[in-house]
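Read through the structures below before going on.
Each of the two complexes below includes chain A, the first together with chain B, the second together with chain C.
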Partner chain A sequence: MLSINKASERDHLVIALNGEVDASNSVELDEVIQEAIAENAHKILLDGSELEYISSAGLGVFMSYLEDFNEKQVTFVIFGLNEKILNVFHILGLDQLISIKNTREEAEQALYEA
Partner chain B sequence: MKHELKLYCEKSRLAELRVFLSGILSASGLNEITQNQLILAVEEVCANLIIHSHDCNPLNHIELEVNINQDTIIFEIRDSGKAFNIIEYKSPEINAVIKEKRKGGLGLLLVRKIMDKIEFETDPSFNTCRLIKRLKSK
Partner chain C sequence: MVKPPNIARSKIYILLTIMSWFALLFVDLVRIFGEINQMEGVIKREITWILEIIFFILLYLFFNNSINKKENSNFLNLIWRAASTGLIATGTSFLIIYFYYILQDTRLSDDPLLRNFFYHVNFALTAIFLISTALLWKHLILYQKNKAVVQQWQAYEVILLISMFFVLINQESFNYGFMFGLIFLIIYGVILSVNLKWIPYLTFREKWKSILFLAIIVFSTVYLLVQLVSYTQKNVHFVNLSENLFLLGLFAFVLIYAVFSFLVTLFNLPTSSVFEQKLTEAISFQKLSQSIQPGENEDQVLDILMDSCMSAAYVDAAWLDLHADEEDRRTGTVLYQKFISNGERQEIMDLLKKTEPFSAYLKSQTDARIEYLYGKISHEIFQSVLIMPVRANKKILGDMFLLKEVKDGFNKEMINIISTFVGQTSISIENYRLLNEAIKNERYREELEIAQRVQRSLLPSALHHNRCFEIDGFSAAADEVGGDYYETFRFDQDNFALIIGDVSGKGTSAAFNMSQMKGVFHSLVQLNFSPKVFLSKANSALSRCLEKNNFITTTYYTVNTKEKTIHFARAGHCPTLYFDKGNNTCRFLDIKGMGLGIVRNDTFDQYLEEGTMVYHPGDVMVMYTDGIVEAKNKNGEEFGYENLRLLLSSIYELPAHEIRIKIIEEVYSFVGKETLPDDDYSLLVIKFKA
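Up next, the complex of A and B:
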């Protein structure tokens, strides 16, 4: 089960994931990010504090937008990942390619300093 | 100890696979990070078979057998779809995945990084993929 909540705060968008992302529902995550880009969001915060599991289908969604974020100068920061999920990002070295912070405060700071 | 699961070829069944694996692994004494890695690796192989070898046909199924031994855990995944030789498959470079905006290709890379040994066999009736994790190795 996955639920995704999208909300605007100050000058940024918060996408909160709750549950598990796998091949059956990664398209939902894809749609939300695509929507955010279409709406010209320039600062996107991904709240992963309620994310319990992610497979390569979900990781692939993030990866597939890195070029778009770059081209459109979108700052994308993930925060709140538990250690199991953080470990999966580490295994592939994705933590070197995506900005990942521990807390919402650190993530917001990274968003507004960028 | 041996555990078996018959998994029908629908993506919505992956959650059921995770519950099955989690039940077995939670009693294994492995830490949570390792348990999650093993669940992920087995799911990646099964998702791959469900999507690419069976076109998500819910009438088809794959069989999973988990054997926990003294020093290894062996996950044996059997199916009778189009043979997919995981050993011959070349994982893409991460940079190519980003450049081509590909959404797939990372799964089997994860499997290779997580497991200690991967075996693949095929005969006219079955394809068998064996994922082996040595205990106390990491």
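Up next, the complex of A and C:
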């Protein structure tokens, strides 16, 4: 069960995830990110405060866009992850590649400083 | 019964019958000769009767035998057999009359012996005709028999047998006893004669023929009766064979059944076309319901459908319009166009699109609920139209268009039978598709089983170790195949490599990547790199072959049992759980790391760290995949790292094998029986001993 909400705020795009990302719905997440890149969004904020679970397939989606983000100079910041999911990011090492913040304010700050 | 003795038996019957007839003839002629010459009591008349009875019985046995053998002959043949026998008997009788006509004034014409000889010939033929016909009637009476009818017939046979012997008891003819017996036989014959179930199964033509044959039989029977009776009246010196209850009873039965059959067939003539129609419908229905064999296609059943519907409703023209279907190659084609040209069909289609109630349906074709559409059109040839959608798997396969030249050509019964045909067709097609699908699925399942076997063989069946440590592993996949992987390698007596890995995703794609991982492991391990170098080489190799969004997490260890050291590096895999006996602590070896395939360039090794530690006897190392810690119970709670850590703290004293079993048991009991595991579980336990 996953619902994805995409909204524009100021100069950035906010993608809010609600529920669980697993192999069956990771495609939806992929589509949303791809859309965002196609729309030339340069600042993307991912709201993970309502995210309950993410499987390896879901992590694979973020991973697959890291290169695109670098190439197109997209700033991608995740915030609001719960402890468990943060740990998943951490174990895999994705926290070394993606900027992960605790709160929205910190995230927005990171977004506009970069 | 074997055949040869059967043939022999019928020959014996013929022989015996002929012999008995000659004996009868001889005895009777001698008796008449004696009577003429006033020599009383040379041969008693009882002997005549006994021979007559023997003759009847033999005839009966012979025909019973020969008719039973031709069990499958049809009704018309049976009736024709009776009619032809009747004709022969009648014909012979005419010949005899003609013969006497020629001899009119000669002395020979008055000769009682010659006359009696001919009488015997006549008698024999009449008996043959009556007995064979009675047995043919038996066949007809017992068509679609039930127990009661069979019993009735058997009783009749017994009564006939008794009636043969009646002559021995009651020597005076036509007294009360005789009359009573005859009336009883006639009534019984009438009762039997109501069994006429065969008549409706004749076609119209066959009915006409059987009426003709039955008429011949009635005529022959009456004539032969009259003929035999007339002998009795004409002759002074005469042996009376015909005043026999059996013979007269048979006359009555044969005649009554023939008359009944004649009348019933005659009155059945007008309704026979309806019956034939129903029979055709039943056969069509049966054809439709026979499911199409796998490998054949659906066209055949659609063809039968069209033919059946057309004949059931006397349709003048029809076609079947198959709808466009992305799965089907015959997209939007018109099949089985019958008795109508392309031009006319187009013309009618255009007309229908302008006429209610068809126009709405034909334009949208979205309303799948419509069972049929029926109405009239203003066309110069065709006046009424019935459109019947043909469905399969809840989708409309196509529309069947049936046209008739008369107004209001389709009545309720026709529409009913057509919709039954259509329903049956749908079932046939659905069954056929389901069957094909089942076969396909079965094949997939087999393939998957093979994959499973192959993948099982990718996991090591024995793990390398020496006397310094115990090792035990376990792996279970959530689907048929999984993406978890572990393996060991032995460099020399004291040096070992261990790896545990988990491929992102699960199922078949994970299984393929896992086998790549195995290949990478075996090529790199032999080069004896340090864990960090090993992982960065593995990353570089896998980056070239993994799909963009796939990655593999793994931890690689080298163990030296001489120096008691462990070197390891973690590529995004779950941190190893380590129990330190000396300090009695249990902790996760969380060092920096990055999954393989996430960073696909040279910068990868900067995200890696290499850990080194010294082990002591009694230490336990638990390597696992995320399936274990993320195993969820029915409340959605995860097993978690802390549970695992606490568990190990309590069971570290057990041998490696039992620790492994205990952890797996705990995980499964946590998950509960109701929930299915949704990830692969793998576990590797090492216990150091020296």
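Going forward, the second predicted complex is superposed on the first by the 114 of 114 C-alpha atoms of A that agree within 3 Å, B and C clash if a C-alpha of one lies under 4 Å from a C-alpha of the other, contacts with A are read in each partner's own complex, and residues count from 1 in each chain.
Keep this in mind: a contact is a pair of C-beta atoms (placed from the backbone, for glycine too) under 8 Å apart; a residue touches a chain by one contact, two chains touch by 3 or more.
The shown structure was predicted, so the numbers you read here are calculated from the model rather than taken from an experiment.
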item	value
Joint occupancy of chain A by chain B and chain C, clash or fit	clash
Partner chain in contact with A:Ala23 - chain B first, chain C second, else both or neither	both
Which of chain B and chain C A:Ile91 touches, first, second, both or neither	both
Which of chain B and chain C A:Gly60 touches, first, second, both or neither	both
First, second, both or neither for A:Glu83, with chain B first and chain C second	first
Comparing the two partners chain B and chain C, which touches a greater set of residues in chain A	B
Chain B versus chain C as contact partner of A:Met1, first or second or both or neither	first
Shared chain A surface residues [contacts with chain B and with chain C]	23, 26, 30, 55-57, 59-61, 63-64, 66-67, 84, 91-94, 97
Interface residues, chain B side, partner chain A - complex	11-12, 14-15, 18, 32-33, 36-37, 39-40, 43-44, 47, 50-51, 94, 97-99, 101-107, 109-110, 113-114
Contact set on chain A toward chain B in their complex	1, 20, 22-24, 26, 30, 53, 55-57, 59-61, 63-68, 83-85, 87-88, 91-94, 97
Contacting residues of chain A [partner chain C, same complex]	23, 26, 30, 55-57, 59-61, 63-64, 66-67, 84, 91-94, 96-97
Partner chain A, residues of chain C touching it in the complex	502, 504-507, 548-551, 553, 571-575, 592-595, 597-600, 607, 626, 638, 679
